[in-house]
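Here's the structure we're looking at; comments come further down.
Here the chain labels run A, B and C in written order, and each chain numbers its own residues starting at 1.
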Amino acid sequence: MNQPFPISELGASAVDVDIRNIGLSYGTNHVLKGITLHIRPGEFFAFLGPSGCGKTTLLRLIAGFNEADGGEVLIGGQDVSHLPPWKRDVGMVFQSYALWPHMTVRRNVSFGLEERKVPRAEVDRRVAAALELVGLAHLADRRPSQLSGGQQQRVAVARTIAIEPKVLLLDEPLSNLDAKMRVQVRRELRDLQQRLGLTTIFVTHDQEEANTICDRIAVMNDGVVQQVGTPMELYEKPANLFVANFLGTANILPGRVVREGGQRFFDIDGGVRVPIPAHVVVPEGAKLVFRPQHASLTRGGAGDVLLPGTIVHSEFLGSTLRYVVRIGAAEVSIDTPFHSGETLHQTGSAVEVSLSLRSVLWLAI
Amino acid sequence: MAGATTAGRAHVPSASSRHFLRLSATPGQIALALGIIVFLALFLIVPVGTVIYVAFTEKGTGEFTLVNFLDFARTDLFIRSFWNSVYVSAMSVVVASVFALPLAYITTRFEFRGAMLIQTLGFLPLIMPPFVGAVAMLLLFGRNGTVNLLLDEWFGIKIPFMEGLNGVIFVQAVHYFPFILINLSAALRNIDRSMEEAAQNLGSSGFRLFRRIVFPLAMPGYIAGASLVFVKVFDDLATPLLLNVKDMLAPQAYLRVTSIGIADPMGYVISVVLICMSVLAMWISARAMRGKDYATVQRGGGGLAKRRMRPWESVLAYAAVLLILLLVLAPHIGLLLLSFATIWSFSPLPDAFTLAHYGRVFGESFVYVKNTLLYASIAGLIDVVLGTAIAYLVLRTKLIGREWLDWAATAALAIPGVVLGIGYLRTFYGVQLPDGTPLATLWITIVLALAIRRLPYALRACYAALQQISVSLEEAAENLGATKVRTVRRVVLPLMAGGILAGFVTSFATAAVELSATLMLVQSNADAPLAYGLYVFMQSAAGRGPGAALGVIAVLLVAVCTFASHMIIEKSQKAKGAGR
Amino acid sequence: MLRHSVAAAVLIGTALFTGTAIAQSGKVTIVTSFSKDVTDPFKQAFEKAHPGVTLDVQNRNTNAGVKFIEETKANNQVDIFWASAPDAFEVLKGKSLLQKHKPKAEGIPDKIGSYPINDPENFYSGFAASGYGIMWNDRYAKANKLPEPKDWQDLAKPVYFDHVAMAAPSRSGTTHLTIETILQGEGWEQGWRTLKEMSGNFRQITERSFGVPEAVNSGQVGFGIVIDFFAFSAQASGFPVKFVYPTVTTIVPANVAVVANAPNKAGAEAFVDYLVSPAGQEVLLEPSIRRLPVNPAVYAKAPADYPNPFKDPSLGARVKFDVNVSEKRTNVVDVLYDQTVTFQLDALKAATKAIHDAEAAIATKDNAEAKALVKEARDLVAAMPVTEQQASSPEIAGAFTGGKEKGARQAELEQQWASFAKERYQQAQSKAEQALKLVR
């Protein structure tokens, strides 16, 4: 392969994935409960959630390894719900990579093409292109056991994209790599996906991974999609407490809404009262939620409220300082930018937390 | 041939002690190795050596010569026998694979009711009592057996199942296929599920998936089983002789060694050839498996997941399993019929049924049963102790020449029972106990012979069990202050327990029906095991029924013990959680 | 070694005493090739007659038994050797492994048929007689529409092709005697011709004596050349088998001998004496045993149809059996048979079949040239690589004794004989096929 980057060899026109009301249970254990998702053509999409949330099950269901009790999966408009895995044309990269130890790298990559009875010459061309793409052309005749973890991961990707799948599925592909490799490989993955324009679904439990490489994320918990959106949307406008808490740090203050003379207040458990701005909708049983950086220990601007508290813990994080402050019965985290020469507040000292009410979320669930 | 002689030398302690004392081995390990060497030398190498040295001596002068091997190569009969043996062994592996592959695959990779029962039933053919098994097979599949009489009546055709080499292949495949089943099942269970799914994901399915991915990954287990089948068939003399096939190597050796007045060296030359071929086969299989222990290299992934079958797949699978079970259990079915039959002669089924045969053996079989259980248990115990020790020395120490322990113990596989029996008589008859009784007349001699004969089975099981235990578990124990000995006792042995028990079961079960060595060594009826009692019965027309009844008792006895052990293994595996 | 033996003794603990030999009354250890059906009634009767003496019966086939006594002679634990084939006793006698004992019994003649009952030097004694004959499965014969044979020559007829079985003479002492009987009765050349014509019809040549009756009993083979009691005891067990004594047969005794250095000599001699006593002789008449007593008086108590070699002149009277001739060439005859027949059975059968086919064709359409070819073919089949004189010569016999002197090696001779036979069988087959073409 003389061409540096023969994308055209492997590029496929992107398709969408439509997941309609998928349910799956093992006995009384409901693993997926009415999942409906639409993944757009060419999108890098993530299933994000804690372990046991059903994200891998859903991915395997798309690949055809699990069959749903109800609902359907459409890939490029075609219902594949009842197709066996080998007829679906979706490429999956396994968490363990699942490289066949009895085959060389080249044989691993050519496997899928051979199964498709692609002519020999074309197999060679596409294998070479796929290996070139992941930068492993020089290791084609090695055995998987002779490669490093990162190299194995790239072989797994090459093996999958060689068949030009309609959709690429990645099952926690970075979990077996060390921290530094992880950052590098996730960039490579993103890069690759961009160049191929391939609809890609990525399963992870790591929000940072999802945030950095995905166009959109479906946050899952307990077999249910909690929210779908871009990383920023999810961060800024979490639909519920779970999403707020799962993506980044969220301070959650329980309390109750009281009315006094036409004005609504939120009485945080433990005695502090916060006025609720007039236009804000506060659902029944809501809690006050805010991010650490949306509060400070210095007096803020207009519309901010001041909450008296006590510092229980402080951490120096480099560019920021993090304080843990007890307000009423709850503890909240506050991040403030670190300025040169600044000294930390002493643990135990009384402070006032200035909270920007504009950034406060009122979430009931 | 060279292999056998060097094997012999490597175990004479004086020649190798200098090497053994060097390098990073603890005194305890060296003592253990020396103990094993002494045991193997005393009960394997010396007795066999006293018999087969004749192969290397010149007629008349007694000087060392290789002319006898030249004679072997120049004799058409031996060359024909050699190739027949190779052919039969290879084809037996093929046919045994046909039996074993579907059973192993279906029971390990699918949700299949009765998988455990099948695994246990699949073990039964190994417990084929001598003589009666072949008689039963002939009554079912012989030229005038049940199947052919019916075929002849309905369609006017006969199928020569049991004729010539094909008959030997058929019976041997039925008899020894469990070796492949057991090893292959274990290997299949250890394949990471994602290996299979990755292939499906890339468009592979059905038989191609099996051929290109699953089977190659299970290859080490398959090779281990197949090589065992090859060697056993190559060295087995009873089956060919009972089917009147004489132009194979093992029967030729037996016929020569046991014929009156024929003191020529060729019988022993053939024995040497048998031993060399067996060691060669084991060596080749070991080479083929080197660096291919795939099953345990993968981390993560789901582990074993059993797929549910679609209805038509289930029907097909059950049909296949039933057909295979029917075939491989035919000897036992025939045996059962025979034990209840009054007269069964030239008819599809016995003329009538009776319980009289069981009545006849009931009283006198008790002593046989007791002896069999005693001998086979002690032999099995000796085997797992030796097997574990050898496996540990080979896999976990750096003793020089440690592989030779393995080779020597494995060579026992190839030594015809009758050669071992004669060797024991020669070596131990002169040794007297304080009261003047020869050592060879004690029943413990039978036990030792059984232990040596079955050592290879237990050794392989222990070896595999130890191989699957990560060294880091031992290092962790040592790191926390446990000595080597305590590490072995508290970490290694508990983790190996399943494999050790499996080894014990195989040794025990096969020793319980062993005849060839014991026949030579049985000194009194009171000390005789079941197989001998069976042999005695099967020498007369009236003894056929009682012999079959005794055979059924033997099979039941061993099967119950086997099943119990399976349950124990299963339980201990569950207790250890996912610990594969 | 000693230390080890002590260790073993400790290991087995209390089980030791079972192995200890006790003098005079005690235990009599017997090595025998006879089946349980034969030994059990004798054991019961003898132990009843001699309270305090127990028989320990070890069952081994004749060859293994001889081998066992030979291997353990340094520390012998066996009192009695008890088997059919006189040859085995000759071998043991030749190696000084037997002890002289003349049983105290009266009324036993010197000969049965033409065969001497006892060893002239009293190393072993006959206690029963057996004759060789043809046993067949009646259902098998009827299903295949085969006639009942009467004589050895009948088995050479084309109709019996692939229906007959026999034990290899090298493996069965009794079969060896059958072969030797035919060779002595018909002469070396003609004897081998008869043997090979018969053998060409064989379906199998078994390596155990009992393999033949077993195959006939179960119906896998139709006809077997067996010693009479196999057939009688099978009949007694209810198997659909029949038996006939051919005209040329010999009746030979089954024997018993005291082993040299027997640990319980007195008990051993008592057992031998019992066997030939009238009480012991009567045990032979039991249906599961059915052997011919050597005491003529006992036949008075036998069932009406019981064969009596002392009255029936057809039983063995026509053959003169010379033990000395047999003894000299035992190994040579066995190896000759194995190399030219047992291990060449496929080639021999192919030639035999071709000859049968050609003869059948000639019978319908006469052709002198074809007849000559078939005769040539038959001669080729019958040809033997050694003459009668050579067979007994020390040069050839010496190759099989593992003797101390250098000489021809067994393997060399075997290879020569095997290729001699194989070549001729192939030639015979092609000649017979040629003959068949001529008459087609």
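Methods note: a contact is a pair of C-beta atoms (placed from the backbone, for glycine too) under 8 Å apart; a residue touches a chain by one contact, two chains touch by 3 or more.
Composition by chain, UniProt nomenclature: A = Iron(III) transport system ATP-binding protein; B = Iron(III) transport system permease protein; C = ABC-type Fe3+ transport system substrate-binding protein.
If you're wondering where the values come from, they're calculated on a predicted model, not measured in any experiment.
With respect to subunit C, maximal separation of chain centres occurs for A (centres as means of Cα atoms).
Every chain gets a centre from its CA atoms, and the centre nearest the mean of all protein CA atoms is that of B.
With each centre defined as the average position of its C-alpha atoms, the distance from subunit A to subunit C rounds to 88 Å.
Averaging C-alpha coordinates per chain places the centre of subunit B 35 Å away from that of subunit C.
Centre-to-centre spacing of subunit A and subunit B amounts to 55 Å, using the average Cα coordinate of each chain. Touching two or more other chains at once is no residue of subunit A. Along subunit B, no residue makes contact with two or more other chains. For subunit C, no residue reaches two or more other chains under the stated contact definition. Those residues of subunit C lying in contact with subunit B across their complex are 1-2, 4-6, 8-9, 11-12, 15-16, 18-21, 29, 35-38, 56-60, 62-64, 66-68, 71-72, 74-75, 77, 87-88, 91, 137, 139-140, 143, 170-171, 173, 204-208, 210-211, 213-215, 217-220, 230, 233-234, 236-241, 288, 330-331, 334-335, 339, 342-343, 399-407, 409-412, 414-415, 418-419, 422.
Taken in their complex, subunit B has these residues touching subunit A: 192, 194-195, 197-205, 208-209, 212-213, 216-217, 219, 292, 294, 297-301.
In the complex of the two chains, the subunit B residues touching subunit C come out as 42, 58-61, 67-68, 71-72, 74-77, 135, 138-139, 142-145, 241-242, 244, 246-247, 251, 255, 258-264, 266, 342-347, 422, 425-426, 429-435, 437-444, 519-520, 522-527, 532, 535-544. Of all the residues in subunit A, the ones that touch subunit B in their complex are 63-65, 84-92, 94-96, 98-103, 111-112, 115-116, 145, 159-160, 163, 175-176.
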